[in-house]
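In the two complexes that follow, chain A is the common piece, with chain B as its partner first and chain C second.
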Partner chain A sequence: MGTRLSAKSIQKLLSGRMGDRAAFLTGPRSQDLTVRLQQKEDLLAAVGALINDLGMGLAIIVATDERREADGDFKVRYIFEPASPLKGPLADLFVTLRVSLDPGNPRVPSITSLVPAANWHEREMRDMLGIDPEGHPDPRSLVLHDGWPPGLYPLRKDFDPKMRPEKLSAVEFPHLMIEGEGVMEIPVGPIHAGIIEPGHFRFSSVGETVLHLDARLFYAHRGLEKRAEGLPLDEAFYLAERLCGACSVANALAFSEAVEQIAGVTVPPRAQCLRTLALELERLYNHVGDIGAICAGVGYHWGTSAGARLKEELQRENERLTGNRFLRGMVFPGGVRYDFTAQQMAAVSTITATLGKQLEELMTSFSYNSSVMDRMDCTGTLSAQIAKDLGVTGVTARASGIDRDARRDHPHAGYAMPGAVLPQVVTKSSGDVQSRVKVRVAEAFESIRLLQLLAKKLPPGPFFLPLPEVLPPWRIGLSAVESPRGASIHWLRTDGNGCVDRYHVRSASYANWPAVPYAALNAIIPDFPLVNKSFELCYACCDR
Partner chain B sequence: MLRNLIKGLRQGVVTTRYPAVRTDPPERFRGVPEPRTGCLFSDLPPASVCPTGAITRDGLSGVYTIDLARCIFCGRCADKARGGALRMNREFELSGRLRKDLLIQYSRDAQGRVAEIPLELVDQTTVVDRINTRIYNIFKDSLHLRHLDTGSCNACDWELNALLAPHYDIRRLCIDFVASPRHADGVIVTGCVTRNLELAARRTFEAIAEPRVVIAVGACACSGGVAGTSYASAGGAANILPIDVYIPGCPPRPEAILFGILLAIDRIEQKHHKSTTERSSP
Partner chain C sequence: MDQTLTRWILPLIQVVLLVLLGPLVTGLIQKMKARLQCRRGAGILQPYRDLLKLLRKGTVQSDTSGSFFRVVPVLVLGATCAAATLVPVFFAPVTAGHAALLPLGDALLLAGWFALARFLTAIAALDAGGAFGGMGASREMTVATLVEPALILVIFSVAIVAGTTDLRVIAGHPVGMRGSFGAADLLALFAMLILLLAETGRIPVDNPDTHLELTMLHEGMLLEHSGPGFGCLVLAHHIKQIVLIAFVQALFFPWKAANTNPQALVMGLGAFILGTLALSVFLAIVESTYAKLRFFNLPQFLSISLLSSFLAVALRLL
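Let's look at the complex of A and B:
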């Protein structure tokens, strides 16, 4: 694809294929396209056209229960974004394919065999809404674990949010295992040995080599999407900000931008820049901490301590700037809560400059240490093809040669302003642990550069714009924000009162987790913690 | 190796001396919401202002309660738009032994102003309490905890990790986090206890030899936090485990967690929730 995609060119292609069986609308954003398919049987053809002919990739799938509304149905929205060519920049565009399903017997053709990235999305909608993705290769539950009563779907509107169903007796979850002589089964988790989040890993191994890994997540599923339903948007905000600790700013911002789209409000330039500052501060402390964690993974304890020390310095600065070490309470729908004084901006400059020097020192000792470098080289390789098929995002994608960064491809906060300084997107091609570390280090320096530039010239003016008391009903907001883990995509719809009707999040970790078992293939078991740390994914914002 | 040693020496000591030396949190830090001096009871913001239901107003007795276990320290109730009767102080040593220790209650005085109802600290006269105190004295000189994430947003987990890092170095106080419940004297729980983790949480607790300490960290573990009680969340660790100390916060900063751990083993005194650090600006 030499030319950049546009809603117009996509509409032309699809209307050629679908004829009058598809209706075309603009939205959710002014540059986006929504395609209403009259027949769900056309879904595979439409998806095929987007994927194969236009090189698009899956962003998010949102299923909704609209049985109480005019249409009286279930709807599924498949949202795609430009993904090819591998070299950016790409058009900031989302294409929504919408199908309507029978309220009595909701079934839809599965697209997983065409788009492997749809796997978890489809299993999730089967669990949460009882929508059957017909022909899905994996019949197992995803979000709701053993003992959940069959036929009960939490995200249906008639499910009482206060209800706590009894746990039924259940057979053990059928993990996908390899059997044979000499094959060992190693269960790990959900409670791990370190201070980490919960998840279960089932290894099949021969000797030390991993033949297969089945990762079972969603232990941390807190039901936050259900909880958000019916809440006014400014209250639901606190759920969004607390989806995940490490990505607090990114999730708060993505939610806020979705709300602002619905309200039709543009936040003032100063607020935009302060939001960018918060985003980069979040990226920086996470990346620096992750580099330290990698040192722990290879047993280089001097580096672990040095990384933890640098991260702590940054988190203390976060607390000075916003009153919270995770920058919570900074971003809010309508702008930001705190303005930064000239003195504080100068402090950001000084601290990041010092940090840059110290990080450089750490990286020097790191790269001089051959036992460290050897452990990372060619370990946990994720090929570009698998990365592309699974739609991975963030550092993981860039380390496997995929040139995607939501800061450039779906500009948000200050990156969307005219004349904004955009980050230099760094990619590596080998997809191993070392590449992921190198990308992360380069991005940390890039964040320092951006922070220094932003700290120098912050546009004057207000930093908050109050939103209207009541928000328009039945509107959709869609946003993508580059979190430290990759693009976090938020989809939000208001109900008849302007409160939350449905809120759905595809966090970066949600997109990246399915790739971890592939990177672990043929690694040795003792290297798995290292491989896992190089992805550095959150469980919380994946499980929600 | 030698290069790193020299670098380390040049770096010097970064470790805090807390709790021996206490430094105030920064100016913007959001501690406990408290009424401004002399403010009118009728000016207190309505309960509906709190996104997690931490504020309640009893219509009959006229008691206004702020529940620190539910509070996510967002500062919404202290917003200027809410009339400014409440403000966030900078107190962070908020841990309490009982759930009721985390309730700050106010009533109306004769002039219609806000008056705090003093907190009654645990009366440790019952036999059971005396025995418990002796048990915790056993751990006084060495406490090994197992971390148990029951569905947190990972912020509390990161703060526990920070306690192991050079700035806090919790091991200098003979406290450590261990890999197995079999090696532990207790659990430090984060998260609201999700349905999918309830069994694992119970099993982890049961794997620890008695006597054992249970410490709840953060709003989710203390009360369910933003997750509340639902099909997926049990609404906090207290609903499945016997909690010895509650550490409020969203997340509590590392020193606040340290305070709570020391409180669990009687190495520090529980505080009344009176503000000790005044803000310089109004």
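Let's look at the complex of A and C:
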């Protein structure tokens, strides 16, 4: 395991185990490996080899309905990425295991007991495509909520998205509950007192101690993946950019990179750097806002106001730079929409320098305030083992000691350019709220540093490269972008007309949500909002 | 005539003043907090506007709650107003003694009225059947078990000197007008300031500005109330706050008018206004500079108050 993983070494290992029951191809990207398993029974052995022998982790599972195509089947692609050693950097590599399923009775062995991170992916695949992960430990639905007619699978190609299914009378969702003397059940949401997104949390508790938390999401499911199907890529782009508000740039960039892979174009260096700039601006305003939100979680009013003020200043700067507070409309397949003038670059320099000073002031009053630090210390601990098993990403993973950052491990935008300045990946080991805050603070300062470097020297040249009118058919694009919440992975496949055949996103929040109940176990009920805020997950891009 | 004035008119004016000014003190504290956080904040009259808004609204009631639930806000408001009759605001006749005063009750009854109001609020919260009400009630009661003994000890530490537990007499007692503060006074005042934070539901004990239901203490119990009933409970909380502020002043800074001389009355009122401002500044500063404590650390924090009030009593007796 000591040597760096490569497609070749993985192929060697797998072909040793599978013999001729597996076909090996290169793709979707030139360094990646796709393994076509001829028998779905081999799946567990192949996954076991990747996970146990090579220390890889699950990136995304994509199920497709290809019954109308030449193969006439359902396909499931299990995509893995290097996850070990815990200390990076890791090889930029995706390994796709592809299985073909019977179109009449699609079943596939569940890998959840081998890879806990697959839990939600497999349940989503069961809900949306009717592909049964045999042996999955959790029989409950994930995406589809009470009253949805059974046997109706929205992501199958024969499902008409314009259809309005009849709402059946609903049985109450079987939440996992704990029974016993003095055990109370506390339902929270889906409608909350604050203006936040919908999600239902069911606590089982004794007194103030949390015994179990069952979180139910997908109230914000908008069917974006279904809507994208059949759309030309430049139109589907707007859906991708609007997956959620806070990660607009990251999602727009991930989609754009997938499209560019399919088109086979390389974006000019100036556009790459402007994309990085937008990405770091997004990370900065998110992290600063999150630090303020943490203060609200502990009831530290001064910090809440200061955080909100700094975030507002950054968002106003975003609007001055790109015309949008969320930096929407900047990144586009082929490059970026606007070039920044020297004056604008100077403005970025100035505002980030000022913000750096103000953030330092905030952090001083923050870290010398023992009442604030005490609330965060050892609260909501997420162990490295659980974080690794669940494939947690982003700030949450790094705060639990997992040294992973898609900016370094799956270089994109300007980070992929030769001689690019890479961010220093900050990790903490204790995995509590304090670690997550500290990682965020360090990353905010790191973003300021990167922004200042980028603003100083932007490579000259064009900032846009027109894509071909019609994109090649039946191609796959796969990209991972480090959003403020972690790696957002987009998988895109074109149909015969070069439009979207299937688009699937594993947002960072999707990967991290399953970890929240585990962190809540190490907190008391009144601390849960704080723990939740320290993850700062998004419902919209998880639910899609 | 003079008898009517001291027995009826001035006490009545004092109660009305407390009820009317209660929301203003909250508005003032909110404004100061906003300024301390570099915000502009709402006007100091905002609590009055909120109350008017609530009084005009309709009421929505949980299906599981009975008619008792609807009565509770009025009862709580009544109990709090009754407590307000027991604290002197600007007038405390020195020579009057018990005879000159209406037999309304003493400081222990004040603690009793607050306990009753708290009990009723908690019962109503449980009646509504919501999880947050139950959690809020359970937490509020946990805090109450620590706050009430300390409050009684603070009262005793001063009552020992004054020879009575009637606040109007304590505030008017010649010994009460002591020029210098002893160690016992300081300890009792320190204990009382902690109690003031706890009883007014402020940081570090409770967070009045939060929307996070899971963290709430006092607010959690009020979640199921709406419209005029909710308005009554909010008003009761405003009144409780100003009564406690008046209570602190009656015990430790009793600069009250000793007779009906208009000049003395104005001085007494001025002293009350200054004292209220000072305590409001204290509350605003604490609330802006500290985070809320972990719930399980509250007993530790409140036991400081219990300990120092106990020491204050011990010093008096020794």
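By our rule, the second predicted complex is superposed on the first by the 543 of 544 C-alpha atoms of A that agree within 3 Å, B and C clash if a C-alpha of one lies under 4 Å from a C-alpha of the other, contacts with A are read in each partner's own complex, and residues count from 1 in each chain.
FYI, a residue touches a chain if its C-beta (ideal position, glycine included) is under 8 Å from a C-beta of that chain, and two chains touch if they have at least 3 such contacts.
All values reported here derive from a predicted model rather than from experimental measurement.
Legend: residue contacts after superposition of the two complexes on their common chain; A:V348 is shown touching neither chain B nor chain C.
When the two structures are aligned on the shared chain, A:V331 is found in touch with neither chain B nor chain C. Touch counts on chain A: comparing chain C and chain B, the chain ahead is B. Contacts of A:A406 after superposition on the shared chain: neither chain B nor chain C is touched. Contact with chain B, but none with chain C, is seen for A:K226 once the two complexes are overlaid on the shared chain. Looking at the shared chain after the overlay, A:I524 reaches chain C, while chain B stays out of its contact range.
Once the two complexes are laid over each other on the shared chain, residue contacts for A:S371 go to chain C alone; chain B is not touched. Legend: residue contacts after superposition of the two complexes on their common chain; A:P161 is shown touching chain B, with no touch to chain C. Contacts of A:W302 after superposition: both chain B and chain C are touched. Contacts of A:G194 after superposition on the shared chain: both chain B and chain C are touched. The residues of chain A shared by its contacts with chain B and with chain C are 193-194, 302, 305, 309.
Here chain B touches chain A in the complex through residues 3-4, 7-8, 11, 14, 25-30, 51-52, 72-75, 147-162, 164-167, 177, 179-180, 191-192, 194-197, 200-201, 204, 225-233, 250-251, 253, going by the rule given at the top.
Every residue of chain A that touches chain B in the complex is listed here, in rising order: 144-145, 148, 154, 159, 161-165, 167, 190-191, 193-198, 218-224, 226-227, 235, 238-239, 242-246, 248, 289, 302, 305, 308-309, 311-312, 315, 319-326, 328-329, 337-338, 361, 365, 538-541, 543. Against chain C, the residues of chain A that register as touching in their complex are 184-188, 192-194, 207-208, 295-302, 304-306, 309, 369, 371-372, 374-375, 379, 524-529. Within the complex, the chain C residues that touch chain A are 33, 36-39, 131-132, 134-135, 138-139, 203-204, 207, 209-215, 223, 287-297.
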